[in-house]
Amino acid sequence: ACGTDEDPVDEEENGEAVEGENGEDEDEGDDEEEAAHEIGGTVMVGVTEISGNFNPAYYSSSYDGYVVDLTFQTLMNRDIDGNWVMEAADDWEVNEEGDQITFYMNEDNYFSDGEQVTAHDVVWSYKLLSDPSYTGRYGSIADGLLGYDEYADGDTEDFPGVVAEDDFTVVFTFQEPLRTNIANTTFHIMPEHYYGEAMEYGDTEGVTELSTDPIGSGPYTLGDFAPEEYVYLERNLDYMYEDLFLIEEILLEATEMTTEMDDLLTGTVDLLAGQIDPDNIRDAEAAENINLNSYPRSGYGYVKTNNEFGPTAEKEVRQALYYSFNLEEFVSEYFDGYANTQYHPYSQESWAVTDEWVDSIAAYDFDMDRAKEILDDADWQVGDSGYREKDGEELELFILTMPEHDILETLVPMWERDWGGELDINLNISQQEFNSILDTIIYDSDANVEEWSMFFLATTITSYDPHGTVEGSFHSRNIGSGQNNTSRYSNPELDEMMDDAERIMDQEEAIPAYQEIGEILTEDAAFMPVYANTYFDFYDEKIVDFETHGIYNWVAAMRHARIEE
Amino acid sequence: MRDKREPILEVKNVKKYFPVSAGVFKKPLQVKAVDDVSFTMYKGETLGLVGESGCGKSTLGRTIVRLYEPTDGEIIFKGNDISHLSSHKLKYLRQQMQLIFQDPYSSLNPRMNVNSIVGEAMLTHKMVKKGPEYEDRVVEIVEKCGLAAYHVNRYPHQFSGGQRQRIGVARALALNPEFIVADEPVSALDVSVQSQVLNMMNSLKDEFGLSYLFISHDLSVVKHISDRIGVMYLGSLVELTNKEALYEKPLHPYTKALLAAIPEPDPTKIKKMEAIKGEIPSNINTPSGCKFHTRCPYMKDICKEEVPEFRELEEDHFVACHFAGEI
Amino acid sequence: MLRFLGKRLLQLIPTLLIISMLIFIVLDFMPGDPVQAYLGQGSEVSPERQEQIREQLGLDRPLPIQYFNWLGRVLTGDLGRTNIYNADVSEVIFGFIWNSFLLNIFALIFALLIAIPVGIKSAVKKYGLFDNFFTVFSLTGVSMPTFFFALILIFLFARNIEWIPLNGMRTSIMAVRGYDSLWQNIVDVGRHMLLPVLVLTMTSLATLTRYTRNSVIEVINQDYIRTARSKGLKEKVVIYKHAFRNALLPLITILGMWVPALFGGAILLETVFLWPGIGRVLLNGITSQDLSLVMATLVFYALLRVIGNLLADVSYGLADPRVRVK
Amino acid sequence: MKEILKVENLTTHFFTDKGVVRAVDGNSFSIYEGKTLGVVGESGCGKSITAMSILNLIEKPGQIVDGSVKFLGEELVGTTDKRIREIRGNEISMIFQEPMTSLNPVFKVGDQIGEALILHRNMSKKEAKNVGIEMLQLVGIPRAEKVIDDYPHQLSGGMRQRVMIAMSLACNPKLLIADEPTTALDVTIQAQILSLMNRLKTETDTAIMMITHDLGVVAQMADHVLVMYSGKIVESAPVNELYGNPKHPYTIGLLKSIPRLDETREELNTIEGTVPSPFELPQGCYFEPRCDKAMEICKHKHPETYKINENHTASCYLYAEEGEE
Amino acid sequence: MSEANVDQNVNAPRLKPEGPWKIAWNRFKKNKIALVGGISFVAIVIAVIIIPMIYSFNLWRDVEGVTTGQLVRETLNVDLRAHGFELENSEQPPSRENLLGTDRQGRDVMFRLFYGGRISMLVGVLSAFLTVTLGTLVGGVAGYYGGKTDGFLMRFAEIVQSIPFLPMMMVISAAMRWVPSEQTMLVVVFVVGILSWPGLARVVRGQILSLREQEFMQATEILGISDTSRIGRHLLPNVLAYIIVSATLGMGSAILMEAGLSFLGLGVTPPMPSWGNMIQTARNSTVFLNYPWIWIPPGLMIMLTVVSVNLLGEGLRDAFDPKEIR
């Protein structure tokens, strides 16, 4: 395997992302150009789970998400470069203050059952998310809307946050003018006449049950579904854009990890997305009829330290740990080079991340001497116990790890070698089931503050906007049980910076703010991103025009993909 | 002559019923295994008990040695009522009363050697301490019972049936009892061995001054060993007298039938054989009146209704039949 | 007969109640928060909202109340809803049960078809070459982890024999487009069943052969077999009529316990072979903490077991005149 | 007198792990029409195996290693399976000791009786059933029409033994082998069964081979008696002669050791010692270690069978001069 | 005195006083197949103890400045990390240094195979122990005291037996996931133990009931022998044979169960190796197809062990056959 930097595929993908152009017209131009292509062909996609909740408001597995994304429409969408392209809406505008967004919807758009898509459907969809009895997980999309709290608490049936001005004009009004508001207007449009039938204000039970017969206005309709076996999607002939989504049939097939490569190579499936295994990658590369897309992961595996309690509350300790954590070794050996190290909290696809910036920020390159020096300077000296001590306290870390975790199985021995063996830190490694770790660090975190020093998890980021990523994880208001600031990082200055940055409406203007935030976090060693690996999509060469990246997954890529037999 | 005899055991109206479940919602039924039996045994005598299979011989024997607690009635052993003794007091009784079992195979623990089988109870009752004295005592008893000293280290499977029965007798004798219930001790043995055991039991009786309650279904054997004989039918004693009287002048029709049915080992005395018809009725729903009336060739109406009294018709000759002596 | 059945069915109730209670208690020990599990991993739902959901799902009540609520619903035929499949649990279970049945029934039939003659033959020619072969065979059979056997088969067949599919229940694309004929449908499913049924049959075969053999051996030494022979009956008649009818009795009991065990054992195979059966539902339920689903699946397995025993008892009663129930 | 069965030098061995068991050790005897042959001996002396050898019912590890069994002149040892099956249950039938376990629990009494009839007499099921009812009536079972549809467990031991007898007599056999038919029964029931058998014998002229260890039963039933010891016939004599004038020390001991109703003895005679284990048989006469008349030669060589008179033979050196053979 | 001794010896026939255990042992010795099972079982036990030690020894021997004392200590006390974690050496095919190649973390498969064997065998032994303890206790109490106690305990056993085995094991294991990895092994032990005892309990109870019917037990009562002695000297030794056999066979099935659970990810969890979780690595298509040396050996080891255990068990069963010592 070779080093990360030399990986040509990687470079190319990144480059494209930066070079992308803006503008909605672009899209249409493209479409005209490719209009010659006809709808046809079949793609069989291997997935490891087929459960069958295709209700946009309630589904939770990413596999169900594929189906929802393909069968439902949003007002607008991101293209591969992260620019907005229109879907159900023809046009949109933001008011002066920035707290109101108006969409003008296409008047010739129909659900798969033939009913017209109107502004009322959009309003209804948001009301569903805000309903007092709503038990799904997408409430946060609506909770910034004006009047959400009153509506969701059941105080009033009036919801000024989203209003249909006429049949085809819908207005979103937010409590605050924030840049991130726009992303919250793109929830899937659910037909009121279908899902609304089963619902009253305060009683959404009926809607939860409408899960296996989705009706949307998206490019596909559900043709057949056999749980644990397959989901079959057929091109929706009424879909408003005739020149997009040209593949006629998409079949999601259950595959088993043991045999998925075999399935791909024998043609039982045409597409395996999000692969990371170096051996599989080599196999796929060697296969004649298989093409590969590769792209850096939007997200990373990270180690978070307890910034509130114990030795890791001390910045020096965290830095020392960071310096003595041989990330390069891990990435090159474990991922055979199909991964990067990363020293900032954002997705590599985020607009806040620029090459120059990445090069400029401090990197914690492996440096054991430096680490020792930092600890020595911070008065952590090796004591009688053979471990470092300060004021009679041992430097002892309680590390939460998970069983059956390939990566941890490699990381733990490294820590034991470097932190335990070289730095003389007393490592206490405990293994817990994923769910109990979540209990400790999230759901019941207040009670467990003193139980841990660090843990390892991974995250996937699906947004181009960097705000959500840092706000949730590092804003002090998110410390506490059930909240996302699991490292319990509290920095009032940074809180303020984040709040300010969210109000910057213009992306370009916001970039420096987020870069500064990132730098502070890195300097503070608030957490340690470990790797950002490269994802691969393997697909049969018959699929052409199939472009994917970290945030633009295979589902999104179906937009332009075609079959060429 | 009767008064010279010292009673050792008195059984008065003893009943032993076993509950058998009939079903969840039904009243439990009772097996009347022993149904109102009375008799007296004297010191130094052997009382034989005969009857067909299932008539309650073993149950009676086991009730007497208090393996079972009688449902009703009294058992008086050497003047003490032992019918409802607590398990603690029973322990003392155990030294004086013993039981010899029928099956030479299942009556010995296959995982113990003769030494333990015979000696264990002596230790439990603290008759001797473990040591040379104990060893000697075991050897002594074993030799008395016709086994050799070197047999004490062997395990039951290394013995033949007759030898095993000797071990069983030795085990019972080890506690030095006065009274032994022998429950068909020779039924499982071959003829040539049976006589060995019978002879041994007879000689031990004299040597140790024992009294036997000797249970058997073989009238010839009982006759050989007993002084007096009781005949049981369906849980009750129907006749009890000394052996001469019983064989020569049986009073109860059942006894007669039984005697007539025995094939004698003498081809010159060919019997007609079929003495009575039918089989023993169930002891759950016993026949009314005289229990034998269903098979009795002399049955009259009264037999169906009235239970005949177990009376001393002639001196020392008890019988339970309305027409005893007349038929 | 009816009364006997009625009584036995009545006896099932406390058993099932206690089992369901045990399961309920065990499930309560599952780490992690059921609300979180309900919402799915990584959802960003505010703590207050989560409390509301907890209330709505009745998870804030004490355990006994939750149990009785569950029981009450079950008695009205409502097994609750599953989160992962977002459907009525009963629907999901019934959807998958048949697939499991399909697999197990075939395995069972094949196993019996082979095990009975083989077992009898082994018993008749005790310690012969045939018997010894099958002794070794069944010993290996019971000593081999089923999933390992399955993996080895897949390993051997992968990329080697194309017409044997490695997993799944049918060729999805054919199923989606509709089979041309019933025959084609049968052939397709049959091909997919090949490996799992092979594995299941082999493992059951091992045990069943042994049972048949031992129970025939037991019977063959009985006096009435000698009687039958002394009548001049052909050896075949002696064995297959007189001996086998009696040997069947213990076999019935075994089958009563075997069938449910087979279902349980098939969980591993369903996982390996991606067979859309009830076992996968259970495993999915466990990993995603879908309690009502797990609960219902387990109760289904328990029911299967209890009914298996009941059926064994009843058929035993029918087959054995000594305990024949009126 | 017609000789139904002639057995010569019948030898049956069991080849077990521990060694060879000579269960039947070179025995010869004959059975005549209308007569009862009694076979007595202690447990394990080979009575049952002798009977089973006649019908070729010996199973592994047992094997008839020598000798001949001639049924009406026809050799049965080594004959075809088919032929022997034609004879079994048809011309020679058998009753076993345990009535409780000798009937198949899962078939109706009628079916079990009828089976032989259907097989050997080519009857229809219905005919077989009718004959079955007749047979049950013959053996004195009340309400035979009902009992024919009963299962064995619904009958008492005595009834079952009657059913067994009915079954064995169904095809009118020329020879009935009864292997301890009454051992498991009570005396009164035994008396019923024995008298039944006697009646049947006179009615049908069937020859009977009556195996028992009860000297009383033999005395009552048999015309001629064989005494077996450790696999060998040690004495063979007409019943009166055997009881009146026993010759072999074993027979003498046996007869003396049984308690009898008609006499009172202080002490029973005994035969000391026990039957030798089949694996440690003495070199010479098997009875020698227990014999009070043992001579030096008895230790080394097994005695021949010596004729006492026309019908009476004994295997004992005491009679070596008297008879020749 | 010496004369008396001589005299006795002359009288004493060849028959030596052989106890039932001795007989069983003699019979066992004669049973070649069982002996092979026993020997191979012992060999496996020794291998799983010794081979990791050799690794440890080799590892520490090369370390500079290790004292002999340290070397001995480290050799005896094998550290799971002694396998040589070398990332750069991952997924190597079998070679001279790594006889069975290396796994994804560059660990020596051979070392893990035998170290994992320790875990699997330990799970087997401990589960069998737990099962036997519970089964004997419950069965013994039920059989000895009879009556209501018996009714209650047997009803309870019946209920536990109606619990679907594998499904319930899966759920309990899942519910006990909060247990740290080093102890998940104990969870498996616990789960197998608490679910498998009823079978043995019934057997023990049946045995005790039938023993109580035996006249020698009644004899103890007549002889006034104390309760403790009746249980300890008369009852237990007579059921011990069954218990030993069932413990042996139970061990085999416990090993299989551990493998099944671990394969589903519900048993022993890595980095602690066990045969089950080593096979689990096959659920990755790379490992499955390209590195069979990682997952096939543990499967074979399971088979070998369970076959040995079963042979041993059957041999013991035959050896203890009570018919022979009556």
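Going in written order, the chains are labelled A, B, C, D and E, and every chain counts its residues from 1.
The rule we apply is simple: a residue touches a chain if its C-beta (ideal position, glycine included) is under 8 Å from a C-beta of that chain, and two chains touch if they have at least 3 such contacts.
This structure is a prediction, so every number in the text was calculated from the model and none was measured.
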Quiz item: Using direct touches as single steps, what is the fewest number of steps from subunit A over to subunit C?
Solution: 1
Quiz prompt | Common touching chains of subunit E and subunit A | solution = C
Quiz item: More C-beta contacts across B-E or across B-D?
Solution: B-D
Self-check item: Chain of greatest Cα-centre distance to subunit D
Solution: A
Quiz item: Once you find the CA centre of subunit C and the CA centre of subunit D, what distance in Å lies between them?
Solution: 53
Quiz item: Using mean CA coordinates as chain centres, what's the subunit C-subunit E distance in Å?
Solution: 26
Quiz item: Rounded to the nearest whole Å, what is the centre-to-centre distance of subunit B and subunit C, using the mean of the C-alpha atoms as each centre?
Solution: 56
Exercise. Find every residue in subunit E that makes contact with two or more other chains and list them.
Key: 177-178, 282, 288-289
Quiz item: Multi-chain contacts in subunit C: which residues touch at least two other chains?
Solution: 30-31, 151, 154, 158, 271
Self-check item: Residues of subunit D whose C-beta touches two or more other chains
Solution: none
Exercise. Return all touching chain pairs.
Key: A-C, A-E, B-D, B-E, C-D, C-E
Quiz item: Considering the complex alone, what residue numbers of subunit D touch subunit B?
Solution: 42-43, 156, 158, 186-192, 194-195, 198, 213-222, 239-240, 242-244, 253-255, 257-262, 264-265, 267-272, 274-275
Quiz item: For subunit B, which residues are in contact with subunit D within the complex?
Solution: 52-53, 160, 162-163, 190-196, 198-199, 202, 217, 219-221, 223-225, 247, 257-277, 279-280
Exercise. State the interface residues of subunit B toward subunit E in the complex, per the touch definition above.
Key: 62, 65, 67, 90-91, 94-95, 97-99, 101-103, 105-113, 116, 120-121, 124-125, 148-150, 153-158, 168, 171, 175
Quiz item: Which subunit C residues qualify as touching subunit A in the complex?
Solution: 30-33, 36-41, 43-47, 49-50, 52-53, 56-57, 81, 83-87, 92, 95-96, 151, 154, 158-159, 162, 165-170, 172-173, 175-176, 271-274, 276, 280-281, 284, 289
Practice problem: Give every residue of subunit D touching subunit C within the complex, in rising order. | Solution: 52, 55, 57, 81, 84-90, 93-94, 96, 98, 101-107, 115-116, 119-120, 151, 153, 164, 167
